[in-house]
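The structures come next, written out as structure tokens.
Each of the next two complexes has chain A plus one more chain, namely chain B in the first and chain C in the second.
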Partner chain A sequence: MASGATIRGSLRTRLMLLLIGSSAILAIILFVLVRSFAVQIAQQSQDRILLASATSILEAATVRNGEVEIDIPYSAFAMLNTKNDDRVFYKIEQDGVFLSGYEGLISSSGETDSPMFKMEEFNGNVVRVVSESRRLSDDQTTQTLVASVAQTRDSLADTLQDISRTAGILGFGFFVLATALSLWSAAYAIRPLNRMANTVARRGPQDLRAVTQSVPKEMGPLVGALNRLMGRLGASLTQSEDFIAEAAHRVRTPLATVRSHAEATLQRVNKEENRSALRAMIRAIDESSRAAGQLLDHAMVTFRADQIATENVDLGDLCGEIVDRLRPLADMKDIEIALDVRGPAKINGDPILLQNAVRNLIDNALKYSPAESEITLALWTDDKVRLEVRDQGPGFPKDQIEQLPHRFTRGSNAKGTIGSGLGLTIAQDVVTAHKGEMVISNAAEGGGACVNFSFALQ
Partner chain B sequence: MKYLLVEDNEDLARAICSRMSFDGHVIDHAATVSGAIDFISTYDYDLILLDIMLPDGDGREFLKEHRAREKDTPVIILTARSEVSDRISVLDLGADDYITKPFDHEELQARCRAVLRRKHGTTRNVKKIGDITFDSVSGILQINGQDIMLRNRELRLLELFLSSPNQIFSKQKLADRLFSYVEDVSENAIEVYVGRIRKHLEGSSVRITTLRGLGYRLDHG
Partner chain C sequence: MRQLFFCIAVIFCSCARAQEFEEQRSFGEPDGSLVLRVISSTDTALFEPIIMGFLADNPAVGIEYFVTGSADLNQAIMQPDTNYDIAISSAMDLQTKLVNDGYALEIDNIDIPDWAHWRHSVFGFTKEPATILLSKSAFAGLQMPSTRQDLISVLRSNPERFRGKIGTYDIRASGLGYLFATQDARTSETYWRLMEVMGNLDAKLYCCSGQMIDDLASGRLSVAYNVIGSYARARSDLDRIIEIVEPADFTTVMMRTALVTARSVKKESAINFLKYLISARWNDADFSETSLPSLAGQPGEQGLPKGVISLGPGLLTYLDSLKRQKFTSEWNDALVQK
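What follows is the complex of A and B.
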């Protein structure tokens, strides 16, 4: 299929890589988004609990006679229990003065009313600190209490790891699914292209009809160009065939006229001198018409052999037809043509070419055979499909057997017969085009030419 | 035998006609498809010789139309085109045979004879002279109710003698009819064939006489 074209890259691979690449990017984005969203949620929930804890500590504070009293409720720390036993620190300040808890804990002793959240390093742990303030007043004084509660983040880290794993699995699953879909869509997108390539490739060499099947829009220009090319090719093939036929017509018609006149005159003329002149004339006409015919046949054969049209050919039927056709000619010399079909002989090939080749062999045999002799055309199949034409003529000159299938070579004993020297060349060309072999030889006893075709079994 | 020749080349047609009449056949000539249709609608010919390229149409069209009328007159196509491309289409259209121009008149006769033999059997062209009957289509010579099958060359030779009894045929003339122009034929070969005919004619009232220095003549009675 790739004959002649330089192959670089593949549309299918390119499409697939693009699809897989973009799904990989999408999977990574998905992973990052899910994860950061989860981190945010987890942080928010920790903050809320820490704030609740700080608030409940502040709620428990009372002022009596200007003294602050705090009875830290149990629930303030119980609500911070986690399965990882995260440690909890706290610190209470009054107007910036340390009251209780861990003094080293940094609090955000801001004057703002809203709570403060911060990350911090404390005792070698990263902790989340929440500071909440409250103003307490009795009759005389107003104090600002700040409660800070901090918690290590072991449990949070665990949760985050869980979420990351899940997000990772999700992203990977998405990627695998997208890859499978990419393979399928690349194949699906490329299918009309393959389908068209197949229909065109399956066609016989003579089939130059336009491609009419429906194709996607993008393939329209390609198919259009292909159809135009086939149209031009078809036109030029028809032109060549017409030209060959027309050339034959132009050459042969006047020759036919001259020949018929010469023959008719010969019937009336008695003087030996004139008769032999007329005979020579007829001979020359036969010579040139045969040469013209063979040249045109040779052109046709060369032309068709380039693009051999294969169909299943039954050589038995084909030879039967040829023998029927040549029998009247053979009768004129009282030659018997025996068709000996010893078994089925079928090959794939071009019937017109094969017919031409076999006809040339029998033509030769008829020309060189003596009157009242026999020509045998045998067909059989052993390890190959074989066809053999044998006559009882003088045979091929022994020293020339090698050269005879060459163009315009005629045997040294061919003098006195009409011929162009192309018959065996045509036969050889046809056999070669069918990947077969032609062997010419002489029968062992009593001379007689023998030509053998062999073709591979189907 | 009555033939119809459909051929637009006047020269060639004249030559074919004169040769056919010489051989004792009646032949009509049409130069166009329409002319040919006129001829076949007025007479049932024994054989049609049909050229392919005609001024007012294609010989193949005529053939198709002729076959469509369910006539089975045998048709031999005269083609000057390359045999490779034409042969299939004309035989598919119902032609009985074809011959490529230029052709040997003897070959044309041989093909006519073969086609007629296939189509008609032996009824149409029987010649009677003296006590022999001869059917040149089937090649059967009948003497005293006895059938003798002639070989092709014997047949052609006898046919020639029978076409003009009492006429003298020189050896060269006989050789021209029996052998192709390319063969170098010795006069002995003619003597061999004349000898064979004589043998076949033994016991009949017909005989072939040798005229020394002139040739042969068929005598009867």
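What follows is the complex of A and C.
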């Protein structure tokens, strides 16, 4: 499918990476958001309990004869019990004078009526301190009491770790799900492209119609360009075919006219030197005519082989036809053509090309065979479908067997024989186009030339 | 400022040096200088089997065992130059405060239920109820009281028989006495009524359970309130003389707790001793004969056993100076009545 295309990157991979990348970013954002939210909530709940504790201490305060009494309720500290047994510190002040608790604790209230929350380092621990104040008054005086309650953050840290883990799992789960969806989305998005590629690849070689199936908007320009390209290609192919037909016509017809004139003249002249000159001329004309035919054959084979149109071909029938057509020519040289069909031989191929190849082989054999000899055309099927043409001529020059199928190469023994050197080349091209193999050799006894085709079974 | 600290330190040191111990004994003959200094509010006799058991497993270690009151013990650990490795006390609140204030070492990997430790630093290893001890002879012809209310009734109806013959802890001198008193007061108002009745009958105040038991044995006391039952049971010679009553209305149960001091320089051995102590009290059947009752509850029992004072920040409440002042003065008003 990708033959000949320069591949760099993949739309699908690119799309997938983009989607996975963005879901990773989203997962991280999710994690950070959930965690920071949890930190806030956890801190708030600790603050609320500390505040409740401070408030309950202040609520238990009374002033009697100017003396402050605080009957701290058991719950004030019991409520601060946590899973991790956090430490508790507190301090009670009256108008800035230390009353009871931990004197080193720094309280931060008294300036305002609202409770103050802050972090502090106390006794080697980081603690959260809440300070709350209350004004108390008896008949004579008014006092401001400040209660500060502090707690370590072990349990909070534990809770946060739990939440972080949960948030992490949540984020990761989100990421995995998003990745799976990305894979699916990328495959889904790329599907119309694959579908079109398949449709185009499945087309026959002659099918240069415009692609009419509906495609997504983004593929419109590509398909438009492809359709225009195929239109131009179709036009140029038609032009080539027309040119080949035109050329064949233009070259062959004047040659035939010249030849008939030369033959008529040959009947009329008696002088031996004139007759031999005319005979040489007819020979040259024959040679040109044949070369033109072979060139056209070769051009046609090259063109058709590029986009081979296969159909089921019975080689037996095909060979029979050719033999029937060439038999008059063979009879003129007293050569017998034997068709030896040893079994059904069917392949998928282009009948016109195959015909061309076989005709060229028999043509060659006819050229090189002596009079009163036999050309055998054998067909059989074993592990492959095989076709063999054998003559009783001089055979191929041993030292040139490798080069012979090359264009315009003629055997060293071909002097005096009409030929262009394209026959074997045409055969070779056709066989290659059918993914078959051509072997040329000399027969062991008799020394005749032997060409063997083999094609894969259907 | 520095001079002030220095002065305080000097005063504290001199206090520590001047500290008198009720008992002081050395166990084991260690080769080196590895002697663990254990300060405890538990009588040596009760603790001896556990110490001997530990020394049998650890012959290279010696133990110096100091016995003092739980309040003094608390002060001793808070000294800047304290050199005790282990503190064992029945005053759970003071021990909790030591932990809260960072005087105890955190020890992981001790197999103990959550309710029996706090911060992995202070560990409960016994479960001991506060009991009422009654002299059998003094109650001859009277119904033995089984609740505080019963006791109040008996005392009220026989004031002359019991005048001057009632004893209880002096909460100003005994940490454990203060703990029991505050927990009783938390639980029921009956406590205050009992204190008033006892105050009216000129109750005697004691620092320690041992002296109360001695006075009961000698007949100087007829009733002792809030005495650790295990101490009385340990005196098998008193079986006939003393009746031990766990009040049926409610019983306050104390856990004897141990901690390794943060300043201990023999931490490894101290931790070993603590682990031995806990596993001995929790699991080992060999010690069922010792007089310290095991903590292990009834099979299938879960969570804090009934009546046991729970370790936690709540215990700090009554240690607050204002709160203490208020409670002590109320107690004074009820009991001392001077």
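Going forward, the second predicted complex is superposed on the first by the 297 of 458 C-alpha atoms of A that agree within 3 Å, B and C clash if a C-alpha of one lies under 4 Å from a C-alpha of the other, contacts with A are read in each partner's own complex, and residues count from 1 in each chain.
Just so it is clear, a residue touches a chain if its C-beta (ideal position, glycine included) is under 8 Å from a C-beta of that chain, and two chains touch if they have at least 3 such contacts.
Remember, predicted model here, so these are calculated numbers, not experimental data.
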item: Partner chain(s) touched by A:H249 [first = chain B, second = chain C, both, neither]; value: first
item: First, second, both or neither for A:R87, with chain B first and chain C second; value: second
item: Partner chain in contact with A:L266 - chain B first, chain C second, else both or neither; value: first
item: Partner chain in contact with A:L15 - chain B first, chain C second, else both or neither; value: neither
item: When both partners are placed on the shared chain, which of chain B and chain C touches more of chain A; value: B
item: Which of chain B and chain C A:A277 touches, first, second, both or neither; value: neither
item: First (chain B), second (chain C), both or neither touched by A:A178; value: neither
item: Chain B versus chain C as contact partner of A:L136, first or second or both or neither; value: neither
item: On chain A, the residue positions that both chain B and chain C contact, one per complex; value: none
item: Parts of chain A lying in touch with chain B, wherever the complex brings them together; value: 241, 244-246, 248-249, 251-253, 255-261, 263-264, 266-267, 270, 272, 275, 279, 282-283, 285-286, 289, 293, 296-297, 300-301, 325, 327-329, 331-334, 352, 356, 371-372, 416-418
item: Touching residues on chain B, where the partner in the complex is chain A; value: 9, 11-12, 15-16, 18-19, 22, 53, 80-86, 88, 97, 100-107, 110-111, 113-114, 151-153, 156, 170, 172-173, 176, 180-184
item: Chain A-facing residues of chain C, complex; value: 99-102, 118-120, 186, 312-317, 320-323, 326
item: Partner chain C, residues of chain A touching it in the complex; value: 68-78, 80-81, 85-90, 92, 99-101, 123-125
